[in-house]
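What follows is chain A paired twice: with chain B in the first complex and chain C in the second.
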Partner chain A sequence: MAQEKTLVFALMDAPYESANTATALRLIDIAVRRGYAVKVFAYEGAVLLPFSRQQRHPNAIHGRSVEEENHLLTREVIAFLIAAAKQNGGTLDWVNCGLCVDERGAGEAIEGVRRGSPADFWQMAQAADNTLVIGTR
Partner chain B sequence: MASYLLIESRDPYSSGDNEFCLDLARRLVAAGDKVTLFLVQNGVQPARSGAEAAGLVALAQDGVDVVADEFSLRERGIAPGRMHPGIRPSPLEVVIDRLAEGCKVIWH
Partner chain C sequence: MKVLNIIETAYRATIEEQDDTIVWLSHAVRGAGAELGVLLRGNAVSYAVKGQNAAGLTFGGWRQTQPPDIAHDIVSLMAKGVTVYVMTEDLAKRGIEPTDMIGGLERISRESLVPLLAAHDRVWYW
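== the complex of A and B ==
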């Protein structure tokens, strides 16, 4: 069933700020588990989702250590999704908008993430079975 | 007849433009199109029985398939048995199903 469908997702929200991010990652998870070809265009704050320097932190207010807090890192979720896509015979092509990356100093992304431009999004959408744009409010 | 998936992530209590999806769904189904309104995140809050949801209930009666994300419902403590009639829980997989079918989709 691998690569049966190609779906594109455009994301705009920065990590840890919006419920949109959790829903978007849940949707991508479902698609990669089906072995689909999934393409993500991360725009604006969303380019920080795979930022490789994200670190866990303790929670002093609740007296929890780094390990106890076990803070979820979006870069790890995305790495998991890229691996899951391969395991299921599909692909996850994650493209970060280059200008958005430069503005935010977010060039250090995890392996599997590439730099692109809005032209990539246009090409992705042209070739896809469908596209979902999840914009900020 | 075209198929549409409207995804509503906003609730009417903190958003002033919540009528957008309701109005669009109303117009599309009146034109003979097939419409699914998928409530997600805070968008599921009006699905709770007791909440003001006359617009959603009317849409369901008019033939719009009004569904609410099971995960979002659980997060907010809304049990399936405590929802307005005509609105039913649904897994998020429905969104991927509709995308794969080529349904026209709008996130709000």
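== the complex of A and C ==
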């Protein structure tokens, strides 16, 4: 059996600011469904994507309660992606840039997220079949 | 593996970060052993202009003591063996003359972009 691909994603956008985030998460979803080894380097605002204190809120404009609104939380999406990777025989290794975490006070991340540095990004990219950078515009 | 970092978005939180985050990242991965080139295009060609001074920012009693000095960060990146390219058409559009710029940059035209991309194993467009 051929070894599955290893893909690296470098993300920069903070949650709830850009369509880039949903696009990146959808691409990662496809990759983990295929059992790929996926590695994410979250840089700058993207370290807040797995921030564990994200909370749902009601939406008065929609006339919906917290439960009804069921607001998307990126921390939950990432947790589901990590689980889906395991279920499909792959991996999702999510590395938050440590200095970016510090300057944002974003140290509380969900389980499965680890702290790293640009050196980790470089090592991941070297070992990967390819790397996709999605920078903030 | 040889990587080309293309920087187009300029002055992205440079006051808060006290640097350009991708120039900084380029320093960091170079320190980790990366073989690297950097291309400045679009508004980021302004990083090549010498004599910029972002000093003097204050908010109430808070004073920024280490303002960004991106031209200096680019010079020090080149000193680490990273070739920094700058797009001539983007310089011309902004009226930036060679005499306005820091030394050591490789000026390339749009026509030369394709062979430059082809000379790298990975292109990361920030």
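Here is the rule we use: the second predicted complex is superposed on the first by the 134 of 137 C-alpha atoms of A that agree within 3 Å, B and C clash if a C-alpha of one lies under 4 Å from a C-alpha of the other, contacts with A are read in each partner's own complex, and residues count from 1 in each chain.
As a working rule, a residue touches a chain if its C-beta (ideal position, glycine included) is under 8 Å from a C-beta of that chain, and two chains touch if they have at least 3 such contacts.
It should be emphasised that the depicted structure is a prediction, and the values quoted were computed from it without experimental measurement.
**Q** Put the two structures on top of each other at chain A: do chain B and chain C fit, or clash?
**A** fit
**Q** Please indicate which partner A:F121 is in contact with in the superposed arrangement: first for chain B, second for chain C, both, or neither.
**A** second
**Q** In the overlaid three-chain picture, which partner chain does A:H62 touch, first (chain B) or second (chain C), both, or neither?
**A** After superposing on A, A:H62 lies clear of both chain B and chain C.
**Q** Touching A:V133 in the superposition: chain B (first), chain C (second), both, neither?
**A** Both chain B and chain C are touched by A:V133.
**Q** I want to verify one number. Taking the Cα centroids, what angle sits at chain A between chain B and chain C, in steps of 10 degrees?
**A** Computed angle, apex chain A: 60 degrees.
**Q** After the superposition on A, what does A:E44 contact: first (chain B), second (chain C), both or neither?
**A** Second partner only.
**Q** Would you check which partner chain A:R26 touches, where first means chain B only, second means chain C only, and both and neither mean what they say?
**A** Touch partner of A:R26: chain B, not chain C.
**Q** Just the number, please: smallest Cα separation between chain B and chain C in the overlaid arrangement, in Å.
**A** Shortest inter-chain C-alpha distance (chain B to chain C): 6 Å.
**Q** By the touch definition above, which chain A residues appear in both interfaces, chain B in one complex and chain C in the other?
**A** Common to the two interfaces on chain A: residues 130, 133, 135, 137.
**Q** Where on chain A does chain B make contact in their complex?
**A** 5, 7, 19-20, 23, 26-27, 30-31, 34, 36, 129-130, 132-135, 137
**Q** How about chain A: which of its residues touch chain C in the complex?
**A** Listed in rising order, the residues are 10, 12, 43-44, 117-119, 121-123, 125-126, 130-131, 133, 135-137.
**Q** What does chain B use to touch chain A in their complex?
**A** For this pair, the touching residues of chain B are 9-10, 15, 40-42, 69, 71, 92-93, 95-96, 99-100, 102-103, 105, 107.
**Q** What part of chain C is in contact with chain A in the complex they form?
**A** Checking each residue of chain C against chain A gives 1, 3, 9, 12-13, 21-22, 25, 28-29, 31-34, 122, 124-126.
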